[in-house]
Every structure is written in C-alpha cells, then in structure tokens.
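For reference, the structures are reproduced in the following blocks.
Both complexes shown next keep chain A, but they swap its partner, so chain B is in the first and chain C is in the second.
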Partner chain A sequence: MAVVEGAPSRRRASQIGWRAAGAFLRQREASIFLVAVALVLFFELKSNAFLGSDNIKNVTESMSPFALIAAGEVMLLICGEIDLAVGRTFAFAPAIVWLISSPDKHHLPIWLGVIVALVLSAAVGLVNGVVTTLLRVPSFITTLAMLYLLNGITLHLLSGSQQFMPGGPTFQNIFGSQPDHYFLWLNSEFYWAAGLVLLVQFVLWWTRFGLHTFATGGNLLGASEAGVNVRAVKVVNFVLVNVLAGFAGILDSTRVTTIVPLQGGPDYMFFAVAGAVIGGTSLFGGVGTVIGSFIGVGVLTILQTGFNILGYSAFTFPIIIGLAILLSMVATVQFARLRNLGRFQ
Partner chain B sequence: MNAAAPEALRVEHVSKRFGAVVALQDVSLTLKRGEVLGLVGDNGAGKSTLIKIITGFHRPDSGRIFVNGEETVIRSVDHARALGIDTVYQDLALVPGLSVAHNMFLKREIVRGFGPFRLLDNREMRRRARQYVDEIGIATLRSVTSEVATLSGGQRQAVAIARSTHSGANILLLDEPLAAMGAREGKQILDLIQELRERGDVSMILIAHNYIHVFEVADRVNLLRGGEITFDKATSETSVEELTEIVAAEYRR
Partner chain C sequence: MEMDELTETETHGVDRATLLRRIAIGGAALSLPALATAREALAAPTGAGGGNYPAHPKWKFAFINHVTTNPFFVPTQYGASDASALLKTAFTWTGSTKADVGEMINAFNAAISAKADGIAVCVVDKSAFEAPIKRALGKGIPVVAYNADGANSGPKARMAYIGQALYDSGFAMGERIATLVPKGDVALFIATPGALNIQPRIDGAIAAIKQSGKPINAKAIATDADLSKELTAIDSYYLGHKKLAGMFAVDAGDTQGVGQIIQKHSLKGKIKGGGYDLLPGTLKLIQQGFLDFTIDQQPYLQGFYPVVQLFLYKLSGGLVAPADTNTGLLFVTKANVKPYLTTQTRYEGSSSKQKYPVS
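Entry: the complex of A and B
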C-alpha cells in the first residue's frame, strides 16, 4: 500500500517531465536546436578548441550576415514567395554607402550614406514585390532577373573594383567591429543579427502583420476572402528582406573594411535559405520560424568551422554542407511526419 | 416576416464575365431587413459569384448595389464589412495552419496597446473564440488553440459560421453553410439561423442545395439559372415539390 500511495506524486512528476519534453519537441525549433548542441559537443570533444574564445568569435561573426538575410527570407517564405536577389542587395547597399560617403566620392556624412543605402535597398524590394504581385510574374523569375540587374548596377557603381568602406572608428565599433575593438567580447555585427532576429520573430508572433503573413502563405485565397490585403503583405516582406540584406552588407563591409562588387551573391542567399529551411521554415509557405533559421544558419556555420578546425581541406566543405542540408532535410521532413501523425487534413 | 419591412440589400441588373464565361447576366434581387432569402440553382449557375460581388471580393461589370437603400460601390471585403456585410464562403476562407482562435478573428484581431505597438491579445481572442464555439455547439472541438488543419469538415464549417455570426454584421451571406455537416450538426446550424431570424435585425442570403433546408428557414426563395433569376416566391406560397418540379421541368425541355 505504501508503494501505491507514494506512486501518484512520483508518477505525476514524471508525467510533467514527459509533457514538458513533448511540448519542447513539438516546437519547430527543437530538432535543429538539438542538432546544434550535438554538433558543438562533437567538435569540442574531437578538437578541444571548438569552444575556445577565438572560435566562438569566429562562428558568431561568420553566421551574422546569413542570420540577417535568413530572418527576412523566412518572412517572405512564410507568405509564399522567395527572393533570389538578396545576395546582390548585400553588395549593392555598401556600394551606395561608398558612393555617397567615401572621401574619394561625394564625402557626405556616413549616416546619410547608410540611410540612402537602406532606402534604395527597400526600393529594390518594392520593385520585386510590385512586379510579383501586381504584374503577376512569379517571384522566382522576378528576383532571378533582379539578381543579374543588381549585380550589373553594383559593378558599374564600384567601377568593377574593390573599394574601401567609409566610416570612422565609432561607426566601425557600432556597425561591425574590427578585430581589436570587440563589443562585450563579440563582434557588434553579431549583436545586430541576434537583436534583429528576435525583433522579426516578435513581429511574426505578436502583431497583426505577422498573423497576416502566416495567413497569406497558409491559404492565399482564403486570407484575401477574409479581407487580408495579401499583396501588401507580400510587398512589405519583399521590402523587409531587402532592407535586412542591405543592412547585413553594410555591417559586413564595415567589419572587413572593404566592399567587393561580387560579395554575397547567390551563395549567400542559398546559404540563408538553406538555414531557414533546415530551421523549420517550409518552402511552400504558411510555416516558419525566424529563431529556427538563426539556429539553422548557426548549424551550417558550425559545420564549416568545425571541419576546418579538424583540419579538413576547403575542397571538402561543400561536400559536407551539401550532405548536411540533405540529411537535415530528411530528418526534418520525417520528424514533422511523425509529429503530425494522426491529424487529418 | 413583415412584407413592408425596409430593404437591407438590393442588387440591380448586375452582370459579370470572366473572360469568355458569362457568370451573371442582368441579375436583380432584393433582401428585406430581417429576411432569410434562400438562393438555389445548379452548380455553375453563378450563386457564389453573386455572393462574392456583394461581399466586395469581385467587382461587377455593370449594375448597381444598394445597401440599406443607398447606392454603394463596394470596393473591398473590408469595405463590405464596414457596411455590415459578412460572408461564410463556400471554401470557408480558413487558414489551416492557424489556430481556431486566430482564424475566428482573422483581419479583426483583438489588440492591446496603441499606435505601432499594438500587439495581439491572444488570451482575449482565445476566451471569446471558446465562448463562440460553445454557443454554436461544437462540443467535439476540444481546444481553440488547435490548428484548423486538425478539424473535421463539419467543425471547420461551424468555425466559419461562428466567425461570421459574431462579426456584428447585419447582412450575412451563407454560401452552402451545411455542405460538410452531419445531420445533427446541420440541425444546430439551421437552429442558429432560425434564432438570428427571430431576433429580426439580421438579413441573410442562404445558398443551399437541399430544398428542405431552404424551406425550413427561408422566408423567400430565388432560383438562379444560367446567370439569371428565373423564380422568386415566398416559401409560404410555394413548396419543395413545386420548386423541384420547376427545376426538373427545365431539364426535360
């Protein structure tokens, strides 16, 4: 009897434990988070250097631009579109800053250069959005065209060559620290990325606009029948991803002190989209998480730096990244299938 | 039903084409305040197109619409809603990935705070959604936080109906609200329509294929055929048999 009397509370405790574990695993971010933890442990055990301060700085610094691009791309994917050109906006925005603020050019204040660059990045998004929603060209095509167009414009702006990124020491400390000027131990670019990721996730979860973004991608016709202005939702998200990509380009060019006409590009865009997708965002719209994409690009960066530390050749990286995307997608799809078992569509 | 009641909605000579397809040709109908108008017709007769014009989703090519006696150009779904018109669409217009509560308040979200800092008040939306769901009698629906994707067809339909009946609208357009429902659920919805009708302040257009349902709750019935209204009688002056006979006769011709 004593055993029976003692059992309920213990059973309740274990039930609560299981329920908490179940609730955690039902979160879309959960599986990719576990993968990230496992990878960090693996590389730390194998190398003993992975959790060293140099490498943590390295990983957080490398993932920042991808995290920013992915945050916007997640919003766009959720509402059912994609922007293939954001990697070019990443080079276009700092080129505008150079044109306006460089001592070799117009030499206007750096803040003005940044503002104009962000406004023009927004304009790029506006064009993509309007062509896609009003002229009804699929975003895959619209932004594929923009990918070439923007590259040509950037090459012209920079006369095809690498340029110095303008901005004084204070500007550099705030918008992409130099190696000996870390802010609170890490590069300021990472804090921008982490902060903006949280902000975009907040907008997605807690505002009407976020809800309408989900609704637009989840049921385009239904959402518009319910009165949601689905075109406006899409255009705003095109603008958002381009502003974030332009800002990421400015941060990154400030960090490395140079602007390269071919920086970013389709590689960056695909890296960000891959991070978004393995982080739990659907390519078919209606489903996604910004924090998941942050962890997703983190995992890809961890893989890259981890194998680097283990001494694998740079030729091997693309193979590892390719396999990682494939495996994590298989895992995600199967995991989602298990999670959704029993629900009828 | 008071024959002298003021009109809530009048559609005059409305036509609509989609490319080469004539969906509606010179359609006119009147809906009096507090009246339930049954709209019947074959598949493809133009019923849903007419509903979508009245609710501002489509623009008519020609014709005029009067809301509460005033000629109105309905510009959008939001505009129609502001005029007090709300719709249960045939496809329900629910988002499968969102919760019952969020679907219930889609585009009418309850928010807290002010200016650009207005945030969703999810707790209040859940509370009211629960209340609406209980009222309409979907006892089988356990939680309003469930995604609509996990609901049965009948449950989804009930959610869409609860959303419209609580929108504060005084003109409700119901496009086959009973299509996916079992006998018991269907009866509950018909009772709800009856209740609203007895309150007298809501006018409704009810599209249904089942004439028995139409005659159970409608004051008047219109037959839409080939994009035109070909029959208009009070349900008290006609019968399921007569209507069936008219529809069948045109087939035999």
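Entry: the complex of A and C
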C-alpha cells in the first residue's frame, strides 16, 4: 500500500522539480547566473584564494560602479536608446563635488557638493534626452558629442590634474568605505549598488513607468498611439542613467580617495553595456533585466579578478575577456532560441 | 579535476627536487672523491636557490603597472624575468592598460588575495594606494614602488622606491633647457597632465628654468596619451606659435612627436627639442639632429631591482630591507646615441633574445 502510494507522489515530486528547473531556466537571468556559478567554481578549484574573504570584498567593490552604470544603461537600452557618455559623467560628478566641497576650493558642506553634482549629472542626462528626442539627433551621436564635451569640462574643472576627494570619515564610511572601516563586512559602495539595482528593477517590473519603458522600446509607434509619452520616458531614462553614473563616480572616488579627470571614460561605459548585454538585455530595445546586468557585470569582474589571482599576464587578459563576451553571448542567444523553440512546440 | 592534477604535479615537482638534492648530498658523503667535489662545490657553490643561496620557496612577486601594454615597459618585464630566473622566483604582470587607478587597486587587492610574496607597484596616485599598501604590509607582504612614487612629499607607506627620481630628472632637464635656449618661449608637452609618473618632471623643469633667471617663458601644454593625436597636437601648437625657441616633452610619445614636427617643418637649429625615453623614432631623430637630447631612465632596471630587493627581503626574513634606488638619469645626445641605434637588445626592449656581447 505504502509503496503504491509512494510511487506517484515521488513522481509528482520529480515533476515539480523539473517544472521548477524549467521555470528557473525560462528566466532571462538564468543562463548568466549559471555562467557566474560555473566561473566561481572554476576559479575556486584553481586557487583557493578565490573564495577567500579578501577576494569576495575585492570582487564586490570592483563591480559596484559598473553595476550602477549598467542599471541605468539597461533602462535606456530597453527604451531603444544608448548613452555613450556615462563614463564621463562618472568623472564629472566627483569633479563638481571637489569644486564645491574641497578645502582648497569653496569648502562648502560635502552634502551640498554631492547634491549639486547629482543635479548637474541629471542636467547632462536632460540635455542628452532633449537633444535626442526633440531635436531628433540619434542618441549614439548626441552622447558621442557629450562624451568629448564632458571630458573637456572635467579637465578644465580639475586643471587637468589629480585631486583629493573631499569628505570626512563619516562620509567615507557611508559612501565608499576604506578597507579598515567596512562596517558591514563589505565596502559600502557595494550596498549602494545592490540596493539601487533592486530599486531600479522594482521600478522596471512593478511601476507604470517601467511598463512604459518596455512599451517604448518594444513598439514605439504602438506605445505612443496608446498614449504613452515616449519622449518623456526616454528623457527620464537619460536622466536616470546619468544620475546613477554620477553617483557611481562619487562613490568610487570616495573609495579610491582621489579624483582623476580621465577616470571612467568609454571603457567603463563599454564594460557596463557588455555586462548588461550578456546579462540578457537586448541592444535593440524592448527587452532587458537590471538584475541580469548586475550578474553580467559580476561575471566580467569575476573573470578579471580570477585571472588576476591566477597571475595571467596583462597581455593575455584582453584575449580572455574578448572570448568570454563572445562565448557568453553565443550561449545566451542560442539558449534563448532553444527556449523559444520549446515554447512554440 | 584538471586543476587538482596541476597542483599535484607542482607539489611532486618540488618534492622531486628536494629528493634529488638529498640523494646528491647523501651520495656525496658516501665516497671520498665525491667529498672533494663537495668541497669544490663549497668554494664555488651552486645552491638550489639560485647562486649560492639556500633552497627557498619559489616566491611569487606581483607587478602592478599603470600601462601594462605600453612598449616602454617591455624591457621592465625582461628585467623582472631575468632577475626571477637568476633568483629562482616568479612574477606576475597585471594592472591597468590606461592608468585607471580603480582598476590598478583591484589588481593590487587580487595580489593580496592570491597571497603574493611581494608587490611592486607604480604609485601613480597621490593617496589611493596608501590604504591597500598598508593592508598588504599588515599581512606581511613587502611592497615597493617602481617607476612612479606618488605625492611629491609627505610620508609614504611603501618600503622603497625604485626608479628615476622624477622631480630631480625634470629639474636636470630644465637646467639643460636653460643652457640650450637663451631666451624666448618654450613649450613643454605632457601627455596626461597630473599623472604622477610624468607631472613631477614638468614641475621640476619649470622650477629649474625659473631658477636659471633667464628670460625664458615656459608653458606646459597637454596633448594626449595616443601617439598620433600627440603628433597632431604638437603640430597645431607649433603652427599657432611659430616664434617658439624650444619644444620639449616629458613622456615618450610627445618626445618623438616634437622631433617629428621639427623635422616636418625643417626647424633643425631654429627650435631646440628634447625629452624622455628611447622610442626608436626618438633615437633616430637624435642621430639626425632634429632632437638635442633624450633622457634614458633605464626601464630594464625598474623590473630587475624590485625582484632582487623583494627576494632579499624574503630570504633574509626582513633583515635586508628594500632601499630607495635611483635607476638613473642619462642624457642621450648625438654623441652617444649610436650604440642605442645599432644594438637590438633585451635591455632596451628592441629584442627578446639573450645575447652576449650585445652587438
């Protein structure tokens, strides 16, 4: 009796297991998450320093600025645009903080410096958004121009040289703690990144604005005919990505303790966009996930740190990163194809 | 699986070496002739640790560089590699390709996590490296700075600096400029203003020119880190300032650029030129007389000495502490440029071959 009863329930359990696995794999973030787990296992097998607390701290604080930039970039990519200049906003915002709050300059309170810097970062996004949507210049070109413009402005602001990031110990603890002062084990920059990523993902999934963002990128004409103010959606997302990039710059300069006019730049933007794309966001709009970009950026950082720990030469490193992006993209695209096939059957 | 095998082979490798050595020692004790050999061996000892040093772990030193793929540092890597072969140690070469401090710190932290036995780092930032360096020192990892040494003044956490005394070299260049140019406008080109491996040179040069008391008006001009953009920048600056009495540069690319612009506009003798480092183009321009001088800071030694100093620190248990080492300030002019041009050598990075004599 018991055996007869047990068999179907076991079968049911295994069915539930399969269904759960299937549901997991249908998630857009699944493939990149599996890649991340595989990489962590690979590096841990190669060197037991990889899962050491030191290295976990290193990976989490390295990925934070990219995760923040990628979160904003995902929103913009979903509504069918891109901002190439965010790496420059990353340097511009801390330069403003320095100008306002440094003892060498105006020496005003640090919170004022941060607020003004974020407002000006938002203004950069506003200009990008307005020029793109109202003057109808493609965002690739608008933000390419902004990339140069902002770099020049930052170089002037800092007179081309390196400056100390202002802010006392409390500010440092909250906005980019120093290694000896991690009050929650990890660098505070990481908590900001993780928190803001979740917040942006929430906005994307559960708010009307998120829905409009998807609609704008998925079907521009349809969305605008359905009454979505597609221009406003795009402008807001331009503002969002620049505020996030500016904030990331402030956090990172606080962690690193200095501001360099050439910090960030196109490399940071490409790293963040690469993370977003391998995390499951489409370059053609309409599709994307912020959490996926967080994991995507994590994968790239794990690769970088992992191979650093193994001591691979800087000459080999770009080859590895290039192959990794290619392979993970091929895997993601093919995985999505198989998934869709399964659905159509 | 594969990794396990790798680690195992490595362990076996070390064991086998130790075993062989023990067998050799044991065998030597067995026979008198062998004892004689052993005595000879003591007179000209060849230890398993390189030279006559005792057997030691194969220490792994991490080099953290700000421009890992820049040709300037090719001889530095040869220097580190040669010293490692000599002393039976190993080194890794990581950092940033474009002087990104955040990226360098990540590489530095990775070296700490990987339990490197020593770290050599280009301190191209005023303060960002202090905390990581202190953290490494706190974990017993010795740290030296090479090529760049952070802020001009103030206490520094690193144990020693191995490289050119940057401000002093700039000062020497300024003195040279003051002798070459009696008066007038002088442009000093710099690729990345504020970068702590070149900015101190320009500061030194301007200070020396001021101190000379001559009516020279020196102005720092920023160009770019990219060679072709540097060339354009220098060309257009010249076209806008044709009355210049001299054009000088504090980095490798700009120095070659200055020479090429002097050549392009046939300004030999009219405009004095000079700068830093040994790009093949720069050397040729010196030979042809378009440039008056360039300064050799011996990048080979900047890789060689850090390995030696870190090795001695480890071997002596900290009794031999790393010491500041000036890798030199050698003016290369038309008079002594010839051997640089005719020799393809590992010491200048123009060849990877080990060769003696060099030419």
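The rule is simple: the second predicted complex is superposed on the first by the 334 of 345 C-alpha atoms of A that agree within 3 Å, B and C clash if a C-alpha of one lies under 4 Å from a C-alpha of the other, contacts with A are read in each partner's own complex, and residues count from 1 in each chain.
We adopt the following convention: contacts are C-beta pairs under 8 Å (C-beta built on N, C-alpha and C of every residue); 3 or more make two chains touch, one makes a residue touch a chain.
Not measured: the values here are computed from a predicted model.
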Just chain B (first), just chain C (second), both, or neither: which does A:N58 touch? second
Just chain B (first), just chain C (second), both, or neither: which does A:L158 touch? second
Touch check for A:F214: first (chain B), second (chain C), both, or neither? first
One more residue to check, A:Q178. First (chain B), second (chain C), both or neither? second
Given the touch rule stated above, what does A:G222 touch, chain B (first), chain C (second), both, or neither? first
In the overlay, answer first, second, both or neither for which of chain B and chain C A:T257 touches. second
Check whether A:I320 is in contact with chain B, with chain C, with both or with neither, and answer first, second, both or neither. neither
After lining up the shared chain so the two structures overlap, which partner does A:W206 touch, if you call chain B first and chain C second: first, second, both or neither? first
Identify which of chain B and chain C touches the larger number of residues of chain A. C
Note which residues of chain A are touching chain C in the complex, please. 45-47, 49-50, 52, 54-55, 57-58, 61-62, 65, 155, 158-162, 164, 178-180, 252, 255-258, 260-263, 265, 267, 304-305, 308-315, 317-318
Inside the complex, what are the residues of chain A that reach chain B? 206-208, 211-212, 214-215, 218-219, 221-228, 286-287, 343-345
Chain B contacts chain A in the complex at 57, 76-78, 81, 87, 89, 91-98, 102, 106-107, 109, 111, 118-120, 147, 149-150, 152
Flag every residue of chain C that touches chain A in the complex, lowest number first. 3-4, 60, 62, 65, 68-69, 90, 92-95, 97-102, 105-107, 109-115, 125-128, 130-132, 135, 192-196, 199, 222
